Amino acid sequence: MAASSVRNRARMLISCPDQPGIVAAVSQLLFQHGANIVRSDQHTTDPQGGTFFMRVEFDLPELERRTPELRAALSGLAGRLEMRWELAGSLPAKRVAIFVSREDHCLVELLWRWRAGELPCTVAMVVSNHPDLAHAVEPLGIPFHHIPVSTESRASAEARQLELLEGRADLVVLARYMQILSADFVARWPARIINIHHSFLPAFVGPSPYRQAWERGVKIIGATAHYVTAELDQGPIIEQDVQRVTHRDNPEDLRRVGRQIERAVLARAVAWHLEDRILLHGRRTVVFH
Amino acid sequence: MAASSVRNRARMLISCPDQPGIVAAVSQLLFQHGANIVRSDQHTTDPQGGTFFMRVEFDLPELERRTPELRAALSGLAGRLEMRWELAGSLPAKRVAIFVSREDHCLVELLWRWRAGELPCTVAMVVSNHPDLAHAVEPLGIPFHHIPVSTESRASAEARQLELLEGRADLVVLARYMQILSADFVARWPARIINIHHSFLPAFVGPSPYRQAWERGVKIIGATAHYVTAELDQGPIIEQDVQRVTHRDNPEDLRRVGRQIERAVLARAVAWHLEDRILLHGRRTVVFH
Amino acid sequence: MAASSVRNRARMLISCPDQPGIVAAVSQLLFQHGANIVRSDQHTTDPQGGTFFMRVEFDLPELERRTPELRAALSGLAGRLEMRWELAGSLPAKRVAIFVSREDHCLVELLWRWRAGELPCTVAMVVSNHPDLAHAVEPLGIPFHHIPVSTESRASAEARQLELLEGRADLVVLARYMQILSADFVARWPARIINIHHSFLPAFVGPSPYRQAWERGVKIIGATAHYVTAELDQGPIIEQDVQRVTHRDNPEDLRRVGRQIERAVLARAVAWHLEDRILLHGRRTVVFH
Amino acid sequence: MAASSVRNRARMLISCPDQPGIVAAVSQLLFQHGANIVRSDQHTTDPQGGTFFMRVEFDLPELERRTPELRAALSGLAGRLEMRWELAGSLPAKRVAIFVSREDHCLVELLWRWRAGELPCTVAMVVSNHPDLAHAVEPLGIPFHHIPVSTESRASAEARQLELLEGRADLVVLARYMQILSADFVARWPARIINIHHSFLPAFVGPSPYRQAWERGVKIIGATAHYVTAELDQGPIIEQDVQRVTHRDNPEDLRRVGRQIERAVLARAVAWHLEDRILLHGRRTVVFH
């Protein structure tokens, strides 16, 4: 279901050791505070000693005024249940910073969906190590920051990027940003950087993956959107998709097909993050569609 | 997730007018009776005045002994909330009667999945208007009933079928059974008969639908599994799937592809029914995967 | 494979009554004129008395200079084989006119693919019965013609449209153009108007098809791109695609998913037309991917 | 299109260095010998100095009697064009040996499609290192050979297998045969052994791949059918397919879904081989669907 940017609607994400009574306790608490549950999803990795995950979307009249007391009550419950929780109103919308290099397909897709009302966010800025895509961004009134990056300037470039992000963004989307972020940068934005990369059956390491896939004659290519962690391209997977190819497709064709998959997969992953549909569980994600 | 035929595991399906507090009330009730919720899904058609649906899967020690008191408590709650509810233990498994004619693809698929442990049921009988498929059924120890049907004998044939089903089956699966059941038969088995039929974009009425689809040059063909109602092929849709075809496929190829879709779609629909994942809402289904 | 806008590359489309020797005759003729076949696809509806279709892509040095003699030779062969044929160089590219109303998803997709080099054409103009989308078109240097249409003004509006198209376009793409073209307009542009519309399993006629699909609880929605004929939405199908939906999706969600399918399906259909991959056979298409 | 086991129908597979005139020469030759081309597919890796592939399906009255002279003519042409070629009549059908271990899903699928007329072959034998599946094979009149394999007995077991295959089979299908064939065995059956294995995005090496995939939270799992070469699981890919999974699926669910993909992918790959649709090009396949 599409994101709702409805007044007085909030979303709560919960994870805790599984035990009887969690759903009862949480739903009772919400009921007592006057909330009406619009949607609720749960997942347990194992009813005996596993981890329990819950996402609740609810309407609460005068949400803003009542949030402090709701937070206080949740804190109390969280203590009893060893529960991690987040509470987010639909408003104000999350602020997104998009990082790009020269390829525009992911950027254009995100901007189109944002303008179509399909991404409940504000686009706070676009950051690029190249000036090329300013023309796609500035007419929309979005700040475009050109920050060149070289081996020598990486540290200062990242410092500048972090400065720009500070207090202005809630999520960083790497929309075909062809630079590797440092472990330090990543550590400052845990589970708040989303990346997209190609995927193949089987996987290919090293340069020119599309050429390798072509040489091996794969019949399916794909893309994976994931949270960025210190392990390159190994962070928790949010979404994947694939498309068929044939022997007629040359490496350039595969790249072209790959771009179509990438933009769709990244856009879905970003939407789900913005709608607070994703919970992290170690290296895995729980995504409540 | 696969059906679990776990001891002391039960499933509850609920529907009622939406209002605040339902989840809290139900989960509280289960908690007080010692149940541990393993999985829970909810859906509301509209938080303001819509219909609320819930499916809860839970473990309850000594399930059988405690079921009567749980039922009593649920009846009380149901009165307050105008709630329709069903409570089903995983055991004993539902009993399925499969109706077939001459084509075996759906029958073979169901039997294979049943033997592979993927359909939590017993196969109570196979009923056919032709004797052809007895060989696929009897070696498995399943009763095969050959009941010929003609225009004249329809009424007596249905009487014989109903007699066989009485007290011996919980679900009837029309696995390419090429006879139309009477409105009276259907009325006796509401939401307990599942049928499979072909589907196309666009739809074609009349005979030889695959030939019509071929003449129109469709690029995608499909199949739909649905509950049988008095309106022919118009009952609530449970599951659908499709596959691509090309101009190279002749009508016989389309029929062959159609068979592959039919057997997969029907098997999934039957599994979901057996796992109590489907709730009816007028002409629509809510399917909690 | 992507369209190649390669110098000295040409494409030939052939259809004729099937008989032995067609491939031999055509390939011999091309060989004798110095052409090197890069790709060739054939299809016969029936080797005995059916219709034979062939698409050949070939390289011919000094293509432009030699085209007249090649055409002459083909005319001779065509006489012997009762053959309809078309010969098209990759250059100059076909000229496309896009008709839109207020929804921009198909227009934006076509323009993006065109700028990304995935549509081998020039965009000659955008025509709309509303002024809304001028902003997406004019910055690209493409003429935007606002031609309002009402019941009274339809005839004069179409006259104005035909005048604009005359000598300036080779293909008309209805990219969510919410006006019905007259039979006369359609007759002047046979197999040169492509339209996109939603498709469902089963089909729904009448207004608000997404609402109808939702009421019926369909699990799959789709879109169909087709050539426009005098029969509304019944022209030869070029491409179709689908996507899964669930009970959680409301009518607006279905519309949103539908838009994603529409833009992808229309873009593929247009690309195939521009690459001369489509042959017509009565109400069917042969599409050589 | 389905395999046709039509009298007097033959298929020819060709590969050679690309140069102008190949299609003309081949089709001319067939025409002169009285053949009517029913279907023809070509592919070139590069019109300038690449490799050319062609598959022709044709009808030739009195095929058997005329085959020797056709072969002689083709040999002559092959000399001129440095052409590798194969000529196969639809009859007699190829003979298939199926190797299995304990899991029956691929075996059952192959046997079902064979009985349904979808695999144009005879099933010459089933070979297994376990006795378990004899019951699924012997009632169909197919010889079942139980040949146990241990580290010590591998060599003698393979000797026994090769002896059984000699002169009795044209293709070996590893239908979840959980033993590794020796390099020597593989070398004796080049491009005539088809295997199926799981595939994931990303790939996982080592034991328990489904558990690894689950731990990593993949959203898509798949299967790959390939020709067996000395490099384990690295042979030319024939077909692949995938299916979506979610966080709700546990490792056993993934295995179950994987089985469904495996049986469908293997069955398609085997059908294409039997219909002579596959040409090898180094580590890649050209598959003419």
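Note that the chains are named A, B, C and D in the order they appear, and that numbering of residues resets to 1 at the start of each chain.
Going forward, a residue touches a chain if its C-beta (ideal position, glycine included) is under 8 Å from a C-beta of that chain, and two chains touch if they have at least 3 such contacts.
Since this is a predicted model, take the numbers as computed values, not measurements.
Following the contact convention of this document, A, C is the list of chains adjacent to both subunit B and subunit D. Taking A-B and A-D together, the pair of chains sharing more C-beta contacts is A-D. With respect to subunit C, maximal separation of chain centres occurs for B (centres as means of Cα atoms).
Centre-to-centre separation of subunit A and subunit D, using mean CA positions: 42 Å.
Averaging Cα coordinates per chain places subunit A and subunit B 37 Å apart.
Among the residues of subunit D, those in touch with two or more other chains are 39, 43, 248, 289.
Taken pairwise by the contact criterion, the protein chains are fully connected, each one touching every other.
Per the touch definition, subunit B reaches subunit C in the complex via residues 43, 199-203, 215-220, 222, 224, 236-242, 246-248, 281, 283-287, 289. Interface of subunit A with subunit C (complex): residues 1-2, 104-105, 108, 112, 116, 118, 139, 248-250, 252-253, 256, 259-260, 264, 289. Those residues of subunit B that touch subunit A in the shared complex are 19-24, 27-28, 30-31, 34-44, 47, 59.
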